[in-house]
Amino acid sequence: MSDIALFLPETVCLLGALVLFCAQVFGARYGVVWGLALLSGVAAVVASVWTWPLAGEPFFPGVYRVDFFSQFVKAIIAGGFLFVAAISGRPQTVRSDAWAEMPMFLLLATTGMMMLTSAMELVTLYISMELAAYPIYIAVALHRSRSIGGESSTKYMLQGMVASAITLYGLSFLFGLSGSTYLGTISSQLGTLATQPLFWLVVLLVLAGFLFKLAAFPFHFWAPDTYQTAPHEVVTFVATASKVAAIAVLCRVVALVAPAGVDAAMASRVLMWMSVAAMTLGNLAALRQGDLKRLLGYSAVAHAGYVLIGIQTMTGAGLTAALFYALGYAAMSALCFLVVVEIGRDEDLVSIESLAGLHQRAPLLAATLLIGLFGLIGLPPTVGFIGKWFLFSAAIEQGQFVFVLVAAINSAVALYYYLLVIRQAYFAEGTSDEPIHTGVVTLAVAGGTTGFVIAMGVVPGWFWARSVEAVAALMG
Amino acid sequence: MQLLSEILLCPVGALVLVLLIPARAVQAIRWVCALSALMAGVLSVQLWRTYDAAAGGFQFVEIIPWVEEVGISYHLAVDGFSTILVMLTSIVFFTGVLTMWDLEIRVKEFFAFMLLLVTGVYGVFLSQDLFFFFLFYEVAVVPMYPLILIWGSGNREYAAMKLVLFLLAGSALLFPALLAIYHASGLGTFNMILLAQKAFDPDFQIFVYPFVFLGFGVLAGLFPFHGWSPTGHVAAPSAVSMLHAGVLMKLGAYGILAVGIRLLPVGAVYWAPTFATLAAIGVVYGAFVAIRQTDFKFVIGFSSVSHMGIVVLGLNLAVLGKAGQDALNGAVFQMFAHGIMTALFFSTVGFIYDRAHSKTIADFGGLGSQMPRAVSVFIVAGLCGAGVPGLASFWAELLVFLAALKTYPALGVVIIVGLVLTAIYVIRVFSQAFFGPVNDKWDDLRGLDLKGWQILPRAILVAVLVYFGFFPSALLDVIDGTTSTVLTSFR
Amino acid sequence: MTLEGYLTLSLMLFCIGVFAVLSQRNLIAVLIGVELMMNAASLNVMAFNRFSVTDPTTGQIFVLIIIGLAAAEVAIFLSIIVNLYRTRRTIDAEQLTELQG
Amino acid sequence: MLEQAVIYLFAALVLSGGLMAAWTRHILYAIIGLGISLFGVAGLFLYLGSPFLAAMQLLIYIGGITVAIVFAMMLSIAMTVTPPERNRAKTVFAAVCTAAFGLGVFQLVRAARFPAVSPAPEEAWSVGAIGHALLTHYNLVFETLSVVLLLAIMGAILIARPQRKAAS
Amino acid sequence: MDTLNLILATTFAPFAAFVLAILFLMRQPRLAQVVVIAGGTLSLAGAVSLLSAGPVEPLRYLWFTSGDIQLRFGFLLDGLSLMFGVAVALITLCVMVYSLGYMGHDPSKTRYFAMLALFEWAMLSFVYAVDLMQTFIFWELVGLASFFLIGFWYEKPSATAAAKKAFLMTRVGDVGLFIGVLMVLQVAGHFDVPGLLATEGGLVAQATPAVLTTITLLIFVGIVGKSAQFPLHTWLPDAMEGPTPVSALLHSATMVAAGVYLMARLHPLFMGSETTLGIILIVASMTALLAATMAMVATDIKRVLAYSSISQLGFMLLGLAAGSLFAGVFHLITHALFKALLFLCSGLFIHHLETNDMAQIGRGGGRRMRFATAGLVVGGAALAGIPPLGGFFSKEEIFAALGHDGVTLFSVVALLAAFLTAYYTFRMIFLVTRPQQVEAVDVHGDHDRAEPLSMALPVVLLTVGAAVAGFWGGDIARGLGIEAGHHSLAAMAPALAVVALGVLVAWLDFGRQTATRTGFIARMPALERLFTNGWYVDAFYDAVIVRITMLAATILYAAESRLLDANFDRLGFGVLGLGSGTRRLQNGWVQFYGGWAVVLVGLAAAYFGMSD
């Protein structure tokens, strides 16, 4: 019973996937499927939040850990799924014969991500990673236009496979170095392991798969392509839930090796350089983009860099900041993609030009986009500002002044392309004045998420306290 | 709720209201803004009257813990400086709303952004928490982009982008610096009053101070990082220029003062000669460049560079001890005076532009007979800019020049000679645009001069300039006590 | 053969896989490269399982899972290739350059 | 001695098959190379103490995966008939990258110290033990694998099938 | 009324009038006139009653405090300020009344009268100021009023240009004064004039000689600007573009005399520095001579008067610098009266005959305008120094002061200037009153309309004043607390002689029936050109100073736009270019992407390998 309680969120997701599978088999109308998906999403969120006070290790000891960290992140991931489900009322860019399956795949991926945050054993970790990845590979390929979806899904999956093979190779060494697949056991041997350079390389290899998910340099090349050409709803999922899961597992791994102290400095340094490269490349490449989703893809690369600032500190404060930022980032990019979904209803590709006149056609969407982009820029009163504040603060605490300076300059550079988007939405005159009709559910979600982004920015205290608690559970 | 929160609430509340009012109810939106501005004004005057200048220091303190784990709190308090700067903001806010009363395009959005901007400005002046200080700082800066872009004129896209990029590049310097201050203190608090009591390691101060100074300096129009300012002024709509030059640029100077000088005294002293020179160059340079401008707003823009140079110069001289009191008094006074003055400038130029659709000086001629009131108002502002006694900025310049002369005689002489340059560009505008043969082209402007309530905002600004021109002690008494407190660490 | 020998062998296999992934033009051949990489990892695990680990079931299950996942992966990737081939009429990695910049 | 020789033979198979797969321009040869290499790996598994895995490797990999690849190969008739030219620059690039990676890892592996234990008793290697572990310690993994396989099959079918008209 | 209320009424009555007029009476010019003249009258009454009450202790009130600086606002009521105050108030009132006629048809009358009121307020406050900073402030405000009044007819480009020139050139002087004043503060720690002048603990005692010299020289720079001394004198002739009453009031009688007044006020300080006195002597004597030469060749009556003002101001400064406070102040007051008179007379001519040219005035029948002609002759005689008119005595005092140390170069120059003064003055009188023929112009008949009461009355009043002013010397000396010297006829002889010579030459050139009506200078064309072009000072300014300033502005503006701004833009575009470059990394070759990952992992491995 208690095992079921501890495993409740994943169970709910799996059950939801099963129900969706059945619905699909029986040829239910998409409206029904959508309703069920929403229901599953709500149930998953509720289940995750319900399990917040719980802690324990279901199945066999050491395999799977349920603590506040994992459940907190699961709630976010479930929230991400719910968001995607909510805006998928009419997923036009998804191949029409796959509408019914799409929520199921995403729900399975959600399950994988949830497991990822709890997995304490290498094989479980690996298989969770693949469970989280495969449905997305599939979903990306299910674009209504094969010619658009084909290339990017191929590239995406290919890079994913290579990254996961690298991870796998790393895991094999980890297994060999410690003689165990249990993270608990591995961390207990940290004292001897940490003195070996190979161990740190192996940690890096293991991180490859997660850095890939996070779209961090040098595993970021898929991001712009996939963001640009995958179905809008799927990208939304990739940009929100998937990122959170990746950050969570990065935190998990880093928390594992952080006690190595001085020995961890080199790994930390490597992550720092990755962070610099990611944010610089991401921001620079985004400067000259014409496609909104592609731009957001590069922005995601840059944000991966920002998140790594927190992670590379390998301190509680840094991980807390990274987690906090992950939460905020998911919400912010969700807002942007909500607008993408709405205006890209009939378009395979969403160019920045197509935002022209948005403030007239759909003032609320324009405002949503504005808040989302303000968040990504890092402006108050959104969470983007305080999130960056915490991240930078954690790094400064480690004396990384120049690094933070580089990051701050990066965010100033980033301003340019975000503002161009805002300019298009708010300033350019569109060819059509026709209002964009937005569903009630989408509007509600937009309002809620906007509120969330601002609430996190204005009263960060509660969220920060939760993040602190979560990281305490992680490190403890 | 206490006074300072009430002041802050005025724009915030109005913002919420404006967002709730449908965009078609233009008149309602205007009235909400005007009333909130009026209320803020009344409260600011109350603050000014009730602030106990004799006691000095921080008063009206409000602290609510915000994120206790990291020591962030909602912490409002004012000293003499912020008291008068809050008043400045209120005046410019109110007159700005009135100036834009005729706006017809996207009124709701305009006032929403403007209220956001004003919120940020109030927030910076009132916050005594480093985090909120920076937060409000960013809040104040960013609405400039849409404001210029959508309601601006001329090369607005370029100007808006340039402005925001410059300013946020500045805040990129601030970001690590402020955090470094927080961590170096080891106090675990962002409370600026507590941080100010902490004696930071001198090497640390010397390292961090330039970041703080330059970061805020960009916003203060510091030479050579002033490029955004004239371009931005030119493109912006009048109320935005008013707020921008009148108040926003003061944020930069105030930041240098509140963070740089208060928290990092040793660094400030170490760097003061360098930065004082830079500021002095800006004073003369801005004046020279203004002479060659062909556009009203560019003249004003470069004059702002020049005048803000005086402020920054004053701040730097303040820490050098020889005439610190005068320098700092002068700098703060100049912030106020320049704020009102440029607000007046832009309010009027905007008015003329809205009617004539030209800002080119050479296009006009003899405008004095066509729009005598608008021109008179502009002349008052111009004379204030030229440092004519009887208008507020004379005192400010007097004090700063005095300090400059005492501290660096040669530099002092140079910037005082710069007064001639100031006179040149001011008089040049007068004689080219307002005097001289009447240009028939603008005869249809005769009926369009300031009238009725349009006079009100300009009259308020002129009245303020004259009032403090004759009764400087009304400001100086408030400033002086705080100045001595700030400067105790430099004696 | 010693543990080091196996490790070197698997590293070489991994590198061969990497080389195949990076140099082959046919996407199927690229997939083969990935398979080689995964096999290298399997070989590693089994070697450690033999020489460094007390409980040999762990490694075996690890490899079993790897094989299973490889099967799933191949299935999905092949279907994606098929999907690609339908419109592009090619599975040449070098011709997939529509998305750039 | 003989055992060692066989082990080296399998190792040679692994490498040569791999090289063949990696170098050839003909997809068919590549698949054959893969088969050889996998066969070698299976053989090594045998000598590393796990006949079970060797069998699995043969069954699933060579029997399943390779065959699937062959089917897929038939799609791309054009590339099968006229293998594409080798892109010299890319090959060099690939070689350099690979070498950097290989050398980097190699120097660390060589320097690394791994725990050495005496070989486990024979019964620990039994298939029964594996089965037991799969149902106890690794039940989660085992269940998950089934989900993954299921979704992979569904996904593969969904992606590869010709597009139908919308079902809604 | 006690002194405080009296002085406040004196100074602030015009201010109140100004505020009322400018804010509320733009549409009611008649009412504005009344208000302003009422204010002026009140001032005059106040000034007179203050003078009659005699000197009192200075009044001081704290204006503001900044650190250790205390700025006071107050009134210094000693003989000097009381006398000059009355002169100012009197002449101002005269000019105001005169303007009723002169500006009667101007549409912007209110603005005009308001500015006159502003001027009077500023000037009186300046005169009575007890604090050096207060002095400076009102000195500036006086200049401001001057700017507006010169440019009153702003549609006229020449007026605008003149106003601009006046403002800027006096600004140059003001900068010197400003620095000087600030230096005073640095040395003395306060601005209190009586305190600075005190023989014990005053500035002379506090400052080292070098500092004192610097300070006084800086203050003198201000005086040079305001009192139109060489080389900053060129704005004054141009300032004649303003309405003639304004010229009478500001640009001859009162405002330009502010410089002289300031020197008189601070006389003890100047006496403390020999160097400064020497320089002042040189500058003042040069000015007196140069301006006189220019007046010789001018044809515009107002310009002649303007040059003469410059020259006479030079005389005053000569007197002061020669050590005689009395000489300077005496000449200041007499000059104020007769020069105001001369301007008002010229205004009558100009108003009626609508020409500035002396010859045309003469031909147009100027001499038939009785009040104007009478005033012109009396005032001219006073200017030339014909006894027993005002100018004779005051100028005599200056010669005496100069001759105190024997015959010096300065005395000679002054005599030369006095000769020229007599010459050009009578040239003016003769050109107006003795034209070769009078053309039949239709304006002859109605002299009442030509010289209405409002304009005639002040002329008459000032004519009387100019005539009798010479006999006030004793009173003025007493007011200053100085024993007036008595000069023997022998001492007066040279001056009388040169004046007589001047008149004679003027008669020969212009007065007699057969005169050619060209000056003797026409026989020296080079010199004539030099004089006509004002010794090429303006040309020098245009060619050098203005050009250098504008060149600097141009260069800096070019630097701003091409160097600074362009480079920031370039930086921005550079980053954008980097962006385009970075995009090329994403070249579409998926294997290239993989290569990155692999090679970087290899590099990381190498990095970790280095740890040993």
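Letters are used for the chains, namely A, B, C, D and E, taken in the order the chains are written, and counting of residues starts over at 1 for each.
Simple rule for what comes next: contacts are C-beta pairs under 8 Å (C-beta built on N, C-alpha and C of every residue); 3 or more make two chains touch, one makes a residue touch a chain.
The structure displayed is predicted, hence computed values, not measured ones.
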How many steps does it take, at the fewest, to get from chain B to chain C if each step moves to a chain that touches the one before?
-> 2
Shared touch partners for chain A + chain D come out as C, E
Measuring centre to centre with C-alpha atoms, which chain is farthest from chain D?
-> E
Centroid-based (C-alpha) most distant chain relative to chain A = E
A-E or B-E: which has the larger count of contacting C-beta pairs?
-> B-E
Gap in Å, rounded to a whole number, between the CA centres of chain B and chain A = 42
Between chain D and chain E, what is the separation of their C-alpha centroids in Å?
-> 101
Where the CA atoms of chain A average out and where those of chain C average out, how many Å apart are those spots?
-> 26
For chain B and chain D, what's the span in angstrom between their mean Cα positions?
-> 69
Would you mind listing the residues of chain D that make contact with two or more other chains?
-> 90, 93-94, 97-99, 101-102, 104-105, 108-109, 111, 114-115, 117, 138, 141, 145, 148, 151-152, 155, 158-159
In chain E, residues with contacts to at least two other chains | 583, 586, 589-591, 594-595, 598, 601, 604-605, 608-609, 612
In chain A, what residues contact two or more other chains?
-> 123, 127, 130, 134, 137-138, 141, 146, 154-155, 158, 162, 166, 173, 176, 179, 197-198, 201, 224-225, 285, 288-289, 416
Pairs of chains in contact (touch as defined earlier), listed by label = A-B, A-C, A-D, A-E, B-E, C-D, C-E, D-E
Which of the residues in chain D come into contact with chain C in the complex?
-> 4, 7-8, 11, 14-15, 18-19, 21-22, 24-25, 27, 30-31, 33-34, 37-38, 41, 44-45, 48-50, 52-53, 56-57, 60-61, 64-65, 68-69, 71-73, 75-76, 78-79, 83-84, 86-87, 90-91, 93-95, 97-99, 101-102, 105-106, 109-110, 114-117, 119-120, 124-125, 129-130, 132-134, 138, 141, 145, 148-149, 151-153, 155-160, 162
Complex interface listing, chain E residues touching chain C = 583-584, 586-591, 594-595, 598
So, in the complex, the side of chain C touching chain A is made of residues 10, 14, 17, 21, 27, 30-31, 34, 37-38, 40-42, 44-45, 47-48, 52-54, 58-59, 61-62, 65-66, 69, 72-73, 76-77, 79-81, 83-84, 86-88, 96, 98-99, 101
Touching chain C in the complex, chain A uses residues 122-123, 126-127, 130, 134, 137-138, 141, 146-147, 149-155, 157-158, 161-162, 165-166, 168-169, 171-173, 175-176, 179-181, 224-225, 228-229, 285, 288-289, 294
State the interface residues of chain E toward chain A in the complex, per the touch definition above.
-> 575-576, 578-583, 585-586, 590, 593-594, 596-597, 600-601, 604-605, 607-609, 611-612
